[in-house]
Amino acid sequence: MATLHTVNKSPFANQSLLSCLNHVKDGDSVLMIEDGVYGGLAGSGLSDAVAAKAGSVQVFVLQEDLEARGIDAGRLIDGVTAVGYDGFVNLVAETDRTQAWL
Amino acid sequence: MATLHTVNKSPFANQSLLSCLNHVKDGDSVLMIEDGVYGGLAGSGLSDAVAAKAGSVQVFVLQEDLEARGIDAGRLIDGVTAVGYDGFVNLVAETDRTQAWL
Amino acid sequence: MKIGVLISEGPYTHQAADTAFKFVTAAIAAGHEVPRVFFYHDGVNVATRLSVPPQDERNIQQNWSGLAKEHGTDLVVCIAAAQRRGLLDENEANRQGKDANNIADGFRISGLGQLIEMGIQCDRLVTFGD
Amino acid sequence: MKIGVLISEGPYTHQAADTAFKFVTAAIAAGHEVPRVFFYHDGVNVATRLSVPPQDERNIQQNWSGLAKEHGTDLVVCIAAAQRRGLLDENEANRQGKDANNIADGFRISGLGQLIEMGIQCDRLVTFGD
Amino acid sequence: MSDVKKFLYVNRKAPYGTIYALESLEVVLIGAAFEQDVSLAFLDDGVFQLTKGQKTDGIGVKNFSPTFRALGDYEVTKLYVEKESLEERGLTEDDLQEIMYEDEDDDWEEKPSIRIVSRAEMADVMADQDVVLSF
Amino acid sequence: MSDVKKFLYVNRKAPYGTIYALESLEVVLIGAAFEQDVSLAFLDDGVFQLTKGQKTDGIGVKNFSPTFRALGDYEVTKLYVEKESLEERGLTEDDLQEIMYEDEDDDWEEKPSIRIVSRAEMADVMADQDVVLSF
């Protein structure tokens, strides 16, 4: 019974990602979309907080949103995976519910 | 040549207040309005950051927004002052420019 | 699998309606069913036929109207949210004594019950907002 | 003193248009002049005459239209932002081949130059947004 | 009873600055007619929605906080409030309105609808739902 | 020249997730015709607006980042970018597009429009304005 959590806000502007990470359960998935994809950046002031969760939780970013913002997938934190919209759909189908951290 | 800075977002959700406090100059004024008034609450995780600035900078909250949210003026951090819309207008007139931290 | 979608933000201002459109398109392409998309909060503004985006930008309303036409997706605009924001169909305009309406083809105005019903009847509910 | 006002968010969804209204009312009461209020981004949606808020809520559009009538305040809606979001006057509707318009009394549609002009001509500029 | 689903309304935003809190409540009221298993979660700035003593005359916006006290009449009786969210904001349970319901399974005894839970318990509540609506 | 004012456009939001970055740029372009003393500030998430290599085909939204490179033609040549904001986001100046202008006072020499400044310098820039427009 896993949940897909979506985060669409930049974690540098808004607390949504941190609140999400504080409430995920082991085995859940987190997908960063829209301005949320900045949360996948390695070497930022928030990378450690994300990396610390990337073991017990699967962390994804939406590839198309990453490209739009000029971020190469090579810049992602280790353990964070880029997926396309088809991957987004699969995550929704494979988990039991989706929760948006607006 | 002082600036009036307005902050309208909750500092618990959004980084705007902290960014504002990082950019104010001595002698400037900060007015918290709308959901920004929560930044005036004593005893919160952010009170110290606000109190630390309340010496070199004048910090205000909009009284009407405080009342709407059920916060008594007695709950404010020492050095933070409640003003009404007339006080808001005076602050705009008395300072040289207004900058909104949206 | 039946996937219901909730859109909570207005067009152009937030990416929500764009992301939702890409998601729904991908879901249908993957063989899922998206029986209904519910527009709430500023999301109701997606349904206006009066928008005229610049020629080199996407037309969000036409994207959705086209999807409804092609796949029969039920595009429901919340009546209470729509009234506050000035999004009316002909019926509502008459009922409220307004001299114009602005809803686009493929959208219909109905109650919040349609959102709950979508939650009950779909296997998943995905929200796009701010 | 001349105070110009910029409103960047839509009605009801954000408090910006309400706070701005209270501020402008207080500024005029204090003897200041508010020659112009400029509506940008979703702020353009304040100008729709089609909104029907619940009877026990304030009517934001009517508040502003009333202020314009009483004090002659120039309420300017950005044309580019308005086109994207479906806020049209009769002229614009005709020019764009749309069958309806939705602008309320007291508002006029014009270019972004009016915002810059307001910044140049006013002693202060105050922004209400999100 | 396979057609009864667990619905959770997640409230993470403060009232009045934006309309989400009010329009969330409007969904809850309409949703009550569908006889699902309804819970409300208040965390992060959502806890500000429940403060007592809200007076909105000064800002010209309708005060909707009394509506929370009517939720019991709609059989919406589970309002989970996160303890850590209160603490980070310098609030305690005493700052919140009293919201009661009459328990029909217990001789209509009046009971509090607000349940203060830890962050870990809130995560458990969230993980136990069929449908999560976020505002 | 008392009718020339110092205008500062403050950009604190990321591109594409919301429209503010694009509509800010539209004001800058129109404003350029008024021959005021114009500066742009990029801080907090606003620095993300200037990253190079933006490709928006996948999200169906127009890529407006090339427009920044045209600002020099409009005599908008002062783009202040905050160093601390870059660092907090794991970015360096190399991640930003190159934006140049031709300096008419220096034999039309090509010069960079982007000026990396410290937080304290950004505060000085802000305090030196007549009109501050925030997006």
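Brief remarks follow.
As written, the chain order gives the labels A, B, C, D, E and F, with residue 1 at the start of each chain.
Assume contacts are C-beta pairs under 8 Å (C-beta built on N, C-alpha and C of every residue); 3 or more make two chains touch, one makes a residue touch a chain.
Since this is a predicted model, take the numbers as computed values, not measurements.
Within the contact network of the assembly, the step distance from chain A to chain D comes to 2. Looking at chain A and chain E, the chains in contact with each of them are B, C.
Both chain C and chain D derive from one sequence, and where they touch, over half of the residue numbers involved are common to the two copies. Among the pairs B-E and D-F, the greater number of C-beta contacts is found at B-E.
Each chain gets a centre from the mean of its Cα atoms; for chain C and chain D, those two points are 26 Å apart.
For the pair chain B and chain F, the distance between mean C-alpha positions equals 27 Å. Between chain D and chain E the centroid-to-centroid distance comes to 35 Å (mean Cα coordinates, whole Å). Among all residues of chain E, those that touch two or more other chains are 12-13, 16-20, 44, 59, 61, 131-132, 134-135.
For chain D, the set of residues that touch two or more other chains comprises 8, 12-13, 15, 19, 22, 41, 54, 57, 80, 125, 127, 129-130.
In chain A, the residues that touch at least two other chains are 8-9, 12-13, 15-16, 34-35, 64-65, 84, 97-98, 100, 102. By the contact rule set out at the top, the touching chain pairs are A-B, A-C, A-E, A-F, B-D, B-E, B-F, C-D, C-E, C-F, D-E, D-F.
Chain E contributes residues 3, 5, 7, 19-20, 23, 26-27, 30-31, 33-34, 36, 131-135 to its touches with chain C in the complex.
On the chain A side of its complex with chain F, the touching residues are 8-10, 12-13, 34-36, 38, 41-45, 47, 63-65, 67-72, 75, 84. Of all residues in chain F, only 16-19, 59-62 touch chain C in the complex they form. Residues of chain F that touch chain A in their complex: 12-18, 44-45, 48, 51-59, 61, 63, 65, 88-90, 95. Contact residues of chain D toward chain B in the complex are 1, 3, 8, 15-16, 19, 22-23, 25-27, 29-30, 32, 124-130.
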